[in-house]
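Just so it is clear, A, B, C, D, E and F label the chains in written order, and each chain counts residues from 1 on its own.
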């Protein structure tokens, strides 16, 4: 199948079962325009339903940045949401209705990464601020370079408009005191601190080695039963959002269909033979 | 405005936008009497609505203790809740009704710290046990001294009466095994362990340097848009208590009003000019 | 009272108030047969209501393994759930009904460890994979040896059938990225990593020293008021599953009965006299 | 005890154990000023903790109205919340913060009726619109006259500011289609329709007979064990807001204290003797 | 298969696919002893898993009563839960622990009726008070006779110990005001009122005709696909306890297995041929 | 603006502010093909954001049916979801993944009616079964003709695949016993029964008079402040899905923006002048 192309995103297939999504606007530090974040669900919904894809690596082109976040210059043209004309805000309730629709749409686009049925491994390097954090907390694993520079930027632009970070970050790391610190001060933090609090999985010396590790982990996931992998991703996100009793019930009901698959005997035979199993598409 | 005064609490204004609350009963290691904990909401509700306050540092007077917790001697006079007369407990159901009302009131007083609209940075030094933990888990950030001595004391007084700790601590740090350990054994733990599990943000060699750091962080928060800071505090606490979908919806609705403010152009202009922005009261 | 005996489980009383449960099938690395996991609730329900027990140490016999998980050979006999005959799966909806009933029962058996009213300290050594993780996340504390080898095995057997781990692990440690890593790759991890992410409380050089530590901690818990200890275990599990407001209300209502006990004056008198208190059975 | 007095509310004790609260501003159809709704919690918190009160009848003075709702004239003075000066709304985010505080306070005052530990029977007659509905849905029973005229008024004043009705009405009656009809059209509805959809318990030809019936029902409640009555009110409100499993657990925990009372043998002896039991204060 | 027999319960098979459970202690108005309510889960768990059963009719033997509720005489022997010895209640916290265990067990026994995978149609006649209501709100349909006499009895025995009614009744009928009335006054209500508020489905002139109608409805249910019937019962109970988004997701996941059945083509072919379909056991 | 056209749906503007959507496939009793239900969100998302629309009437073309539900013939072509080829179901887990995606999409299309920001009034006449019920429970009001024939059809096609009804119906009417009856038997019910249980708002003798009434009610809603109307619809749906405390908080936060509108003084002035107010678009 000829790969689809998208503006400002490069999607490649470096090896069987694995897709590599790159944000491709390096001359602007991969900052996001509205066109770009509205493209996100197109990219990830396609991969979500593509049976030849089992794991996804998500990184940024160029050496300087995973992403510098929202492109503020583009977002601030007169008449836009961030720079409304006086008549836009003349009636605050009507402007609020416009803000809500905009926010729902923006959130939904970013959430498409989390909604993707396949695991997403995010590689963060260089400048990784603002919307870079919003995106990364929707991914399943986060791998970073030693030179990465993180920052939750909301307070620096005077708004608390939550696209993803403020809702998900408290559920992604264990120290609530740390979450409040970085969100309320917008201070920069680096790779070592991110690893210590559990925000990232591992640190690598360069973008190349970090991407290489992401590919290795993606390869491990791709070698497993896709029925099992997709169910586990779904279960962990469900468990994050529900109590234990509801979690157990949901997994039991889900599995009533999911265990009825040839992947189980295939996996078991491979275990006994100490061979790598080979599973059908999903 | 002349500062209000409170028994056993000193509230000062060390710099613009910042309030400093000190528990001021050092001769009793800042142990809490009933009069003191019923004063807590007065102090924090005042600060919550005071537009000249943007961040709060909360510490204990004297060198020995942030607080030794509840003043057990005061709490145990005959006829009191902790030392009831036989006729008080003659009908267990009626005594239970009295206990419930007492517990709701006690919990509500301590929760006033969390309910405060402005960020609260708690500085913990020396003896910081029992109710000191109940209070600190209501604060947003926790900074401690290297000589701090923490302990969750419920099991040592034979009651599990939860004022705050047993409900909030599992949501404040990541290791549930550690939470169960310190709550079920009442063992003492120190600064390094507290930092490792994410209970505190940072450690300083003395109370003076810890308070200094708290002032610095409070200063950073106070320099940001108060609209954004107060919204972020609200969002993070909401997200702790709700699933992701409900979290995203709530922030979108809240921001429909909150983004419609002069703080946004003020912050953006300051970003471009690399200057410190100046925001109106809130 | 003569101790009850169970197939493949040894229950002893190494000291007053403490029970020691050992999985006793070392020749099969303590792998679980269906008979064994259906015995779990018998063991733990008995201990839960036994007033002479205040804390439980749970470990595996032999030097090689806490448990190698489910006994796949036993689980895979023809006609069994893991190896159904063609007629069993001829109607997928009817097979699904059978899977649901099986899963509910399996989950309920493992959950009996969490449901036990007394604290359970799990000692993990050597091979501790698959169902070993399912069990350990139901315990309150986890102590391991330096040679332990952990793995969440679902993806390696091609199923995501969650008995306990996928639902509880996201609530047991703080780093969600780490949870997704170990669950989606089935990779092995050791003691140091488990301590760093907060999965275990502590590491000891040998099974003997780890069990000794578990006994020491169990002894500390057993020396406290059983009214307080059992309430705290209940509160922490409730808080994990509910928001803060619901948590505070529940503890207030629960304590309306629980504080009305002689344990409170007993504990307070002991505190004043600096003696070890002595509490009645519960 | 001399009854406390309140502006615009008359609280009397028509018979043992029963309090009668009357809104007393008949010349203005019992319309509510801000001073009046801020008085509500004072009235109902007092009765909630008064052990000589077991049931409360709540009605409006005069023949024309239970209440015409919020006093719009009083609420609309310049500079007030409903009629802000231009500088009040100059920054929409800051005005929104003021609205939120105002709304929380207003809601909390009305909710004091629901929070009251004793059952509240509301008698609705004549004009019963706007805030009359907000209040009545916080009561436990609703008795009306045949001439009553109900209306949910929000849409007619151009705001959807929910003090109580929009949140509670969907939980008070069964037909969701009817709730949407009356809330989205602000149409008037009468006694028969209110009875048919389950909004009111019963209809009486006059205010005098309706109050008489409320007194009779209050008398029945007051003759029962106050431990049981207060627990049941609490359980039903809890069940409305929680799922069945959480409901059952909560009632079991609550009752662990509540059944340990002399009211049980007193009630049982009375049942056997077919006499009216006599219970202690609560 | 020879039908199992149970003390005080008669289980018969009046026609294919239908089981009839009768409470059989008419000389005591089918009042429940502890032995009887602990037998309930045995009866209903057996029927739940019996593939030859598709619908259940539940009624009471004799002409006078479905059930007069808990057998208070049996429940009040000295040393029992309802009539404890002084030493039982000497420590209120320890007695509370005993109450909680008792309540959990009692609730769980009654809930077995709701948990049963097959629809349960309850026929209520004559005296149907106290525990009769607890039981009936666990059934799916309720059919009554015109002479039925209902009463929620908790307040008359001085306890609010909720076995089922106080938690489920607010979810079973629409008028919350009516629920509070009958629960807070313990007044008797009859068939017409029960039908008007939606508590019962229909009224028949005699027990014989009511049972006949229950059999007819059970026959309709038994003629449908058991896969569909059991899923629908499960969905409706899940929807009662969850929000709409969670409800939709759960049904989608459940059906992923449930639609993969020969019952679908069987049902569709029958629809086209206007014949009665014939489904396999489940 | 030229009205958009849609296959099988006619959208007209019978009067200012009101849109009329007609299902237009009368020759097939307005049965739904996949193309038709995938068109639903297009129709309702357009109307949701169209500022010239304030209320929507939704009815079916022709005299015989609002809708006969899903077009089973179209849905059952070989290889389709309802009639899969053997290879489609060869691996039950993979078929289940396909079912889930299909169900999510189907549910989302129908939910677009509920998600629409403007009130939707559904007019049901003649045959109104299966998917007609799924659709109607997403509408805000339901008006029917006296000849309407309703039926929840899932059990008759052998599947419980819930598109909307099984999740929403228990929240739409008060009698849970009635919901279980009609869902578990698929029996037909008519207008009078639907009115008695609160399923419909009102009954009219013909489709013409029913549509006329729907237009009249839509006109009333359209004459009110659109800020208030849209907020109330949102609040009522939120309240259905959340507890009272969460409901009150949400409405307070939402209104912080929504009350800041010229609609408030416009509405108040109109009230005083007893004139019809005129509001700006939203």
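The rule is short, and it goes like this: a contact is a pair of C-beta atoms (placed from the backbone, for glycine too) under 8 Å apart; a residue touches a chain by one contact, two chains touch by 3 or more.
For reference, the UniProt names are A, B, C, D, E, F = Enoyl-CoA hydratase.
Predicted, not measured: the structure shown is a model, and the values here were computed from it.
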| item | value |
| --- | --- |
| Graph separation of subunit C (Enoyl-CoA hydratase) and subunit F (Enoyl-CoA hydratase) (steps between touching chains) | 1 |
| Selected interface, A-F versus B-F, where C-beta contact pairs are more numerous | A-F |
| Separation of mean Cα positions, subunit D (Enoyl-CoA hydratase) and subunit B (Enoyl-CoA hydratase) [Å, integer] | 34 |
| Approximate Å spacing (C-alpha centroids) for the pair subunit D (Enoyl-CoA hydratase), subunit E (Enoyl-CoA hydratase) | 33 |
| Subunit B (Enoyl-CoA hydratase): positions in contact with at least two other chains | 89, 92, 95-97, 99, 171, 173-175, 197-198, 227, 240, 245, 253-254, 256-261, 263 |
| Of all residues in subunit A (Enoyl-CoA hydratase), those that touch subunit E (Enoyl-CoA hydratase) in their complex | 250, 253-254, 256-257, 260 |
| Contact set on subunit D (Enoyl-CoA hydratase) toward subunit B (Enoyl-CoA hydratase) in their complex | 49, 91-97, 99, 101, 227, 230, 257-263, 280, 282 |
| Complex interface listing, subunit C (Enoyl-CoA hydratase) residues touching subunit A (Enoyl-CoA hydratase) | 72, 76, 82-83, 89, 92, 95-97, 99-100, 103-104, 107, 111, 114, 154-162, 164, 166-171, 173-181, 183-187, 197-198, 240-242 |
| Subunit B (Enoyl-CoA hydratase) to subunit A (Enoyl-CoA hydratase) touching residues, read off their complex | 119, 140-142, 171-175, 197-201, 217, 220-221, 224-225, 227-229, 231-233, 235-236, 239-240, 243-245, 247-249, 251-261, 263-268, 271, 277, 279 |
| Touch list for subunit C (Enoyl-CoA hydratase) against partner subunit F (Enoyl-CoA hydratase), complex | 89, 92, 95, 245 |
